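Got some structures for you, see below.
Next come two complexes built around chain A: one with chain B, the other with chain C.
And now, the complex of A and B:
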């Protein structure tokens, strides 16, 4: 009997999403879709607001990565106030922003690995959901869980010290920043008195990588082949090809590593990238215009970044990067589960970058803001934890925002996540008479690899049930799981 | 003197979702003005795993959150680590999850409550809805007289559980 399986909302991803899988009478998977069910309308919401409010306003978008939106908006507004095109700030301002950004990368990636990914790795995809979370990790491996907690805390403290506040931070302002890092603030990250210091963060980052690599050795098939499919990859890279999560040029490579987008100035992104609307999802589907809707889609995020960059400009992460690239024979990795590997390498890189910045005396200087000739348009891109984040604004003579276009990281990964769902559905569900929770979790594991932030929904008590519903071909509900 | 933490969470850019944070801000202002010792405050967009470490430093913790539930105005429930469940946004975690993680990682946990503040509107706007504002005032009126007692170990403890049945 044909079946329609609905997983709603997808667990362990931010916001609302659901997956539908249609199967025919023979148990073949005939269609899979990842639906985004909440429409945010944020781009319309900011219209009419003064442009200088944008870096604070956009933090309403997301309680997970407000810093990424804060900084991407600030970069766009820098252009509007004539403070350059992402590279015109004072050394103190740019380095403070970088410290904030790498703190965000560090804490976000850490949450993903320790809280969302490691339980699947420790206990297996089909394990009881009651243990497939960090509390399960704590019972199994307390040291690993404590490290995850303290690494998160370290990243959050970096954000607090640079953004000024945990909520609606104001650190980045048009043309610069509003504070430097005092010696006292800096020393908290170096002396290890209030919490483990930056050297400990680097050691723990290396430890997490070893944990993953050891797991990989024992589970090669899962890590290399689960939800693996060829795709293009897109990210910012520094002008010399280095991994750079704060600023750079746009590069894309195809599944074999051929460069298909040649280090373009990101202000020209509209010449190269378009977004397709599909009737069944509120989330758009970006693609490279040159290759069309069918072939122009691409992945973003840690895996894409390691596939597009030529090298990582920090020694320990570079060593890991070389191992990663060698394992993949110098070609891009197209395995969704290698996203975890790439994410861990970026955690290490972020820790190294933070250490370098914390020892940089520019952070204690007072030259915080530059100004220039007012412009009518600003575009800011950066590499957020989940991938390339686009902020684009136009303003009128009254300083009001008249146009806002955002392409958030998860939107860039829309098609890849749908592909991942399809791959796993075919791999795990096709031909099965009984659909188990483990099979459905396999679908979620594939989505989770991308760490999607589906919407920045309110989280108020009572709003977020999990429902898995099974329909027959007549649309009749034949089974439902609710937690 | 026992260490007490009020921890508000939510997104103040989503109207009533900011109830918990507004509550903490208002209460903190009162505590500062009246120089009440032993009461600490924190807030964030949402709870997460590192909060297990933070609450391990306190004796009593009161989480404050906006509520979508069918309650009248506000209510208070005890948080038991045994109630920890997998959360379904999972970039955020529940109070019970934080307390349970605290217990498992640090061997002890504070006595913990959750203040549920009824909200109504959740769109992209700063500021509480008028009805949510009233609920906030009611909750403040309940807590302010208790502040001087919250940190006292020997004092007969508060009637600190209010039914969430409407």
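And now, the complex of A and C:
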């Protein structure tokens, strides 16, 4: 009997989404879709507002990584006030923004690995959902849970010190930053009195990597082959090929590692990237124009970044990067679960970058803002925790925004997540007479690997509020199951 | 008839106070460290009595303290559950009547309406939001007018004049379409200093000085980041009326 399985909402991700899986009479999977069911509308209601509001306004898109939107918008607005193209700020302004951004990467990645993903690894994909959650992690492995909480706190404290608030601050302003880092603020991150210090963060980041690598050794098949499929990978890289999450040029490689987008100036992104709209999702499908809608899709995020970058400019993370690349024989990794590995290497890198910045005397200087010749258009890109984030604005002679285009990180991963769902549905559900909760969680695990931020934060923890509806071949509902 | 008294004796919240005849209640209270919330009132400027937030009970009758001069023997109550609820309701009306989205407003932290809402611990207004459709007037080079946030306090109309004494600002339209406007002729005389002062006098984010943006002040250093609105009055040492 044909079936339609609906997973709604997908849990332990940011935002609301649902999955539908259609199966035919023989139990073959005939169609899978990840639907994004929210509508945000920020591109529309930012119109008419004065441009200097953009960095503060658009960050309300999200409660998990608002800093990414804040900074991407600020970079775009920098262009509008004539403060260069992402690299024209004063050393203090750029370094304060970088510190804010790496603090954000650190807290967001930590949140994902410890709070959202670790229950699947600790307890198994098909474990009892009453245990398979962050509370279960706290009961089973207290140290891991405490580290997760304290690491996230550290990142949030960095954001507070640079942006003025832990969530939705105002630090980045057109052409720079509105504050520096005082000695007192800096020392909180070094002396370990208020919370564990930056050296402890680096140690715990290494510990989390060891935890993952140990798990990998014991679960090679799951980590290497679960939801694995070839794809292209896209990210910003520094001009010299280094991993850089704040600024760089756009590079893409194919599944074999061949460079297919050659370090282009991101202001030309519209020449290379287009978006397709499909009727069943509010999320668009971006693709590389050169390769068309069918073959031009790509992955973004930690895995893509480690696949495109030539090296990581911090010693401990570089060592881990070399191990990661060697494991994949120098080629891009196309395994969705390697996303966790890549994310943990980035956590370590973010901690190292924060340490370096905290010791940089430029952060205590007072030269905060630059301006130049006013422009009508601004484009700002950066690497958000979940991948490449595009902000693009046009303003009129009265300083009002007349056009806004946002390609949010998770949007870039739309097609890959759909592919991952299809892979897992075929692997776990095809031909099964009885569909178990564990099988459905496998679908969620694949989506979760991408750490999708489907909109503002939703906190559906624990037991999945699943609803499964069975349809016959005429589309009539024959049964409905809720847990 | 005898000589007019040099001062009158009133009581504010059971406290006997001497004040000069003709002084407004709100000013006397302020001087004695008694905070009466205001929004349209601006110290030293002829009062308008338009917002009604400063309403107190004078001999049991509600009156606006910013427009009522003291008189001998007045018994004034500035605080009671009913007055607090009335003031709260006025603030709530102002919020629902306009489009006040504090999260993206550069006046946030320096906004008197927002500060009053915090002081009165307003979480959700009791009235339905009106979501009026209002425009931004960005056509003036020094000043941006956002009608979404205007509370029609007339502070700009009452305080900003050109060198010849012509008011730069005025009201136009009637009823729910009432809005502030910049006089097309006198507005041309607006100097940088006038624009800056108009934005500073605006209690909300309706008038924005275009050369310096509110976000340039970091969170933590804005006017109401440290203390609730009215704290300066309440901390003031009572002065003896001479």
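General observations
Basically, the second predicted complex is superposed on the first by the 455 of 483 C-alpha atoms of A that agree within 3 Å, B and C clash if a C-alpha of one lies under 4 Å from a C-alpha of the other, contacts with A are read in each partner's own complex, and residues count from 1 in each chain.
One rule holds for everything that comes next: contacts are C-beta pairs under 8 Å (C-beta built on N, C-alpha and C of every residue); 3 or more make two chains touch, one makes a residue touch a chain.
Values in this document were obtained by computation on a predicted structure and should not be read as measured data.
In the superposition on chain A, A:145 makes contact with chain B only, while chain C stays out of contact range.
In the superposition on chain A, A:168 makes contact with both chain B and chain C.
Once the two complexes are laid over each other on the shared chain, residue contacts for A:156 go to chain B alone; chain C is not touched. In the superposition on chain A, the chain among chain B and chain C reaching more residues of chain A is B. Of the two partner chains, chain C is the only one touched by A:178; chain B is not. Look at A:365: by the touch rule set out above, it reaches neither chain B nor chain C.
After overlaying the two complexes on the shared chain, residue contacts for A:394 are found with neither chain B nor chain C. Contact with chain B, but none with chain C, is seen for A:453 once the two complexes are overlaid on the shared chain. Within the superposed three-chain model, A:50 lies in touch with chain C and out of touch with chain B [touch as defined at top]. Contacts of A:115 after superposition on the shared chain: chain B is touched, whereas chain C is not. Shared contact residues of chain A with chain B and chain C: 57, 60, 168. Note for the complex: chain A touches chain C at residues 48-50, 52-53, 55-57, 60, 163-165, 168-171, 173-174, 178-179, 369, 398-400. Those residues of chain C lying in contact with chain A across their complex are 103-106, 135-136, 138-139, 144, 208, 210, 213, 215-220. Interface of chain A with chain B (complex): residues 9, 11-15, 40-42, 45, 57, 59-60, 63-64, 66, 111, 114-116, 129-130, 132-135, 138-139, 142, 145-146, 148-150, 152-153, 156, 166-168, 453, 456-466, 483. If you check the complex, the residues on chain B that touch chain A are 10-14, 16-17, 21, 42-46, 48-50, 52-54, 65-69, 84-92, 97, 100-101, 104-105, 116, 119, 122, 124.
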